[in-house]
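Two complexes, one shared chain (chain A), two partners (chain B, chain C).
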Partner chain A sequence: MFDIFNVPANIRFKDFDKKVYHLDNETYQLRYPILKTSDIKNIILEIKQNRLEYLSQLPISNVITIIDQAITRWTDPSYPQRQLALKLLPVITDYDAETIKLEIKRFIRLFRKKELFRFIENELPQSEILDDFHPQRSGSMVKAFGPEATFQVFSGNIPGLQIWSLIMTTLVKSASLGKTSFSEPLFPVLFTQTIAEIDPQLANCMAIIPWHGGTVSLERIATENTEATIVYGSNKTVQSIRPLVPMSKIFLHYGYKISFSMIGKEALTADLYTQTIKQAVEDVAIYDQQSCLSTQAIFVENHGVITPIMVAKMIAAELANYQTKRKRASLTIEQSSAINRERTKYQLENINGVSVQVFTSTQNTDWTVVYHASPGFSSSPLNRFVHVFQIDHLEDVNQYLKPYQAYLQSCAMAVSPTRLFTLANQLGEIGINRVSALGEITRAKPGWHHDGHFNLLDLLHFIDVEPNAEQMSEKYDPDVE
Partner chain B sequence: MVKETQIMQQEILKYILDHKVSFSGDIKKQDKLFNRVALDLFDYQFHNNLPFKRYAQSQRKTPLVIKKWQDIPLMPIQGYKQLTLATTKIYDGEAVFLSSGTTDPNHRSHNYHPNFDIWDASMKFPFKQYVLPDRDEITILGLFPDETINPNSSLSRYVSKAIQFFGDTNSQTFVNKTGIEFYKVIKSLKQAEKEQRPVMLLGASFSYVHLLDFLKKHELQFNLPAGSRLFDTGGFKGLSRTITEQKLFQSIKNAFNIDRNQYINMYGMTEISSQCYDETLYDVYHRQQISYYKKFPAWVRVRILNPNTLQPVPDGQKGIVAYYDLANWHSCLAILTEDLGIKHGESFELLGRIGGAESKGCSIAIDQLLSVNQ
Partner chain C sequence: MLLQNKVALITGSSRGIGAATAEKFAAEGAFVIINYLINTVAANDLVEKIRCAGGQAVAIQADVCDLENVHSMMATIKDEFNGLDIVVNNALKHYSFNPKTRKTAELIGWSNYQDQLDGSVKGTFNICHEALPLMTLQNWGRIINISSNLVKFPLIPYHDYVTAKAALIGYTRSLAAEVGHLGVQVNAIAPGLTYPTDSSTDTQNDVREKIIRMTPTGRLTIPTDIAGTATFLASNLANNVTGQCICVDGGLVMQ
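Let's look at the complex of A and B:
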């Protein structure tokens, strides 16, 4: 029996439900409370009170140190919480166990002390502005305040991703109410347990609880009683929460996104192409494209040693290899059918004389590569289904990306230094907000302007004390000469 | 029409007339005959329809290597949208059925019919067996436009033929270009109630949603005589609102005095040329244990496939409906539908259309993108 919730010590629940998972010969029961609106109200009151008494007074350097200590525990392979995560997450999410192990290890390191400073100093002139008034260039003394409490709706697509948001809200000294998805309710609970081991008072400013998304009564109470709401997930989720958030409060959302890759001819030379192919496949295979950072389409430039069609075929072969090493998750009927539908669409186009070729795993939906002999752009039904578009010059991509502008996010690039910034500039024009190396697209870096926005600034408000107020106050100093 | 085409049609028509109804008894024995006609038909379709031939070849399936009907390549529904699937040259004014295009209005399925000899035979016998097992005709009140209003709808033709073959003189459809003529429906129901004459309401699932709403709003109820029945097709899922099955039957009972056991659902679609029915009414009138599952006629086979491997799943497990229909002689006999079903012995249960896939998080899947852009 394991609890997939973590709330301040004073909060008690009466009724519980559970999810049961089987692994080898063991049975795991994941217990969670059946919530009433009054529970949510009480939790928020409690975490706000704890924040007022503790977190709001805690110097930012201490907050950073506590998070860093928690991260350090997670970098230890024998740490029990980590072992539990690596054991249960593959069962809960059905993602390949090796992938989870590797990606969690990489992900957790994003939040070491030095990286937390990167997050902060990327957006604030100095971190101490979160503790006290500090003079700014304008002359004013300024202090930054985070929300008293932030309601966070986590998605379940990527294990562990929830703590990005949890850490950001903690850095702005906000209490956190995190609603987890039943697709992945585990990681934030384990992480807040670690925080509790180091500093129970800080952990008492956080509450992590799963419930079924779309339970309006609970979500309304949560949005109305907190000062900020952050939603991760589909547009459907965003649209269901947005109307519940009062106008005067902060509402941030991270919805639908599409990412893609660009391979320049210079990465397709005789000595480099094998590596290039492997990297391109990483971007497609890790977490089965369920991350919004995952590549859905690849532009491959002509005039390399290897032609785009050969690249498509080699990507297919590499996806087949990858499947033997790291299996794709099993799919729902809807997901498999979506893949079959898209495969069919392009197979039929091929019969109609459109220059498209479809390469697939045999007898199942494990992987699919659709090669397009004329440039264009298309999104994928996900789960290791990628489009390869041949293109004469990568510099021409914008015209194909334009219709998808609202959804574009990251681009993985393998191009020469002379082209990198020209291309990045061009992509920035139409709203792409991140360029990574090929093979690294699923691993965002500390301080990244998530979806083009700030991580901390959007949660903060500032107070400016103007110099004249200071000067005036000096007059009233009884000891003034 | 070339001789080969005529011979093929005769072979299928003979098969239908020999069986007339659903098979009973030894399916293995009958399978042998079905297999022979199916392979002949596959060979015919392969050689007379270039897009189909190419598709079969892309699946590495040709008449030379296929020996069992189960191995005949399945044409996905999408094929009827993207390809021209016809084994004879399409002539000017040839009848064609179009799908309603609810998922993608720009791409509608096309199923061409140079003649209706086989279609009509395939419609008549199962209708008699499963819809009217107890009588030869009935008052049919159609809630779906007939073929004069909707000449490109297979369901409209079906409604017209049902009335022509099985309707008494009081039968008619009650739909004009603006919708269901509720007042006329009510007048006919009242008349039938007064004369104690059983009626059959016939419509698509959504027609009933509207009719039931209308009756409720006007506080109208009918005490239709025994033998009255309610026929529907389509599905209530994905309509303006979702209704639980139980609630639906209760409101049907309240509105018309028609029991659950007098309700029959038909499974058919633009892309095929035969229909499958619930066995309910047949069982009731033959005083046997009542089943709510569907039976297919002798010239049809249904398999339920795993959506990942497209291999058959065991009885009782959910999967995609693959539909093999000898009556679909002019296009493709084996169709991969987009419907979800469960096999129960020689019957099957229909669970409705497979929904769009959604990703678990912020990564947008193509199905979602389509719905966003609509």
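Let's look at the complex of A and C:
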């Protein structure tokens, strides 16, 4: 029996439900509370009170040290929480165990002390303004405040990703109410347990609980009683929460996004193309494209030694190898139907003379590559389904991307230094907010302006004490002469 | 079916390459004897799995490094099955393929070499010593020894392991030269890094990717790949092939 919730010590629940998973010969029962609106209200009151008494007073350097200590525990392969995560997450999510192991290892290292400093320094002139008033160039003394409590709706598509939000919220000294998804309710609970091992008082400012998304009564109480709401997930999730958040409160959302790759002819030389193909496939295969960071389409430039159609075939062969190495998760009927529908659509286009070719795994939906002989753009039904568009010059991509502007997020690039910033500039114009190396698209780096926004600043408000207020106060110092 | 009614003994077959080979042999009609050292649960589970799939299998515990143990296992096999057609010498002393913790030439001791020689060569010797009388009696037998492609290409110098696996190649050829005319063929398989198995789980991803980059097929070997080549060597498709060593490593080593 394992609890997939973690709330301050004073909070008690009466009724519970459970989810049961079988692994080897063991049975795991994951227990969670059946929530009433009063529970949510009480939890928020409790974490706010704990924050007031502790986290709000805790110097930012201490907050960073505690998180760093927690992360250090997670870098130890024998750490029980890590072992439990690596054992249970493949069962809960059905992602390949190896992928989870590698990606969690990489992901947690994003939050070591030096990286936390990067997050903060990237957005604040000095981290100490989270603790006290500090002079600014304007002359004013300024202090930054985070929300008393932040309601965070986590998505379940990528194991562990929840702690990005949890850590950012803690850095701004806000209490956290995290609603997990039943698709991945585990990691944030284990992580807050680690925080509790190091500093129970800090852990008491956090509550992590799963409930079924769309339970309006609970979500309304949560949004109304906190000062900020952050939503990760599909557009449907974002749209269901948005109306519940009062106008005066902060609402941040990270909904449906499309990412893509661009391969320049310079990455398709005889000595480099094998590696280029492998890197391109990493961006498609890791977590089966479930991350908003994953590549859904690849532009391949003509005039390399390998033609774009050969690139498509090689991507197909590499996806087949990847399947041997790390299996894709099994799909729901809806997901496999979506893939089959798209496959059929393009196969029909091929019969009708459109210059499209479809390469697929045989007798299953393990992987799909759709090659388009004319440039264009298309999103993918995900789960290792990728479009390859041949293009004469990568510089021409904007016209094809424009219709998808609202959804575009990351671009993985393999191009020469002379083109990198020109292309990045061009993509920035139409809203793309991240350029990574090919093969690295699923691994965002510390300090990234997530979806083009700030990680911390958007949660903060500032108070300025103007110089005249200071000067005036000096007059009332009875000892001044 | 390629191995219909053959009796096949696979040493160290409760898991990994051995288990995959046992399953494949059973699917090809062989009666499979799953030899194991410690893991009774895994061995019995495998027997159950093979039976559920319509195959035939039994599990017999025996330490291949102990001649008496091997002798009594062979006596059981002779009593129960009235002969033995195929042997796959797959057992090895526990070894962790971890490039970070491997013993360097300076630090390694003779006892490490001795352990590996015992596991690979002595174990194989014991099995062959006891199996050959049964095979020569029927003028038909197949012995398959599991070596390693590291013998030809010590990409990571696991000194003790590579030395023992090289000795096994010598043993394979020498034995093949003698027993060929008695109807017994002796061959070896040299797997590349086979992943996942209990021995290779410590090989870090970076090292695995480095090997993949050098491998023509672009992937590591998996246990069922070895099982396929073992099936070929055990079957009549491999008639008149003896003293050979086949690399199953995606073309990393070409000879």
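Methods note: the second predicted complex is superposed on the first by the 481 of 481 C-alpha atoms of A that agree within 3 Å, B and C clash if a C-alpha of one lies under 4 Å from a C-alpha of the other, contacts with A are read in each partner's own complex, and residues count from 1 in each chain.
Criterion: a contact is a pair of C-beta atoms (placed from the backbone, for glycine too) under 8 Å apart; a residue touches a chain by one contact, two chains touch by 3 or more.
For clarity, every value in this text was computed on a predicted model and none was experimentally measured.
**Student:** What is the contact status of A:S416 with respect to chain B (first) and chain C (second): first, second, both, or neither?
**Tutor:** So A:S416 meets neither chain B nor chain C here.
**Student:** Of chain B and chain C, which one touches more residues of chain A?
**Tutor:** Greater contact footprint in residues on chain A: B.
**Student:** In the overlay, answer first, second, both or neither for which of chain B and chain C A:N468 touches.
**Tutor:** neither
**Student:** Touch test for A:P381: chain B only (first), chain C only (second), both, or neither?
**Tutor:** Once the two structures are laid over each other on A, A:P381 reaches chain B alone.
**Student:** Applying the document's contact rule, which stretches of chain A touch chain C when the two form their complex?
**Tutor:** It is residues 98, 102, 274-275, 278, 317-318, 321, 324-325 of chain A that touch chain C.
**Student:** Quick one: which bits of chain A touch chain B in the complex? Just the residue numbers, please.
**Tutor:** Residues 155-158, 181, 183, 232-236, 254-258, 289-292, 294, 296, 330-338, 340-342, 344-345, 347-352, 363-365, 378-382, 407 of chain A touch chain B in their complex.
**Student:** Once bound in the complex, which stretches of chain C touch chain A?
**Tutor:** 195-196, 205, 212-213, 217-220, 222
**Student:** Please output the residues of chain B touching chain A within their complex, sorted ascending.
**Tutor:** 51, 54-55, 58, 76, 78-79, 82-83, 307-311, 318-320, 336, 338, 340, 354-369, 372
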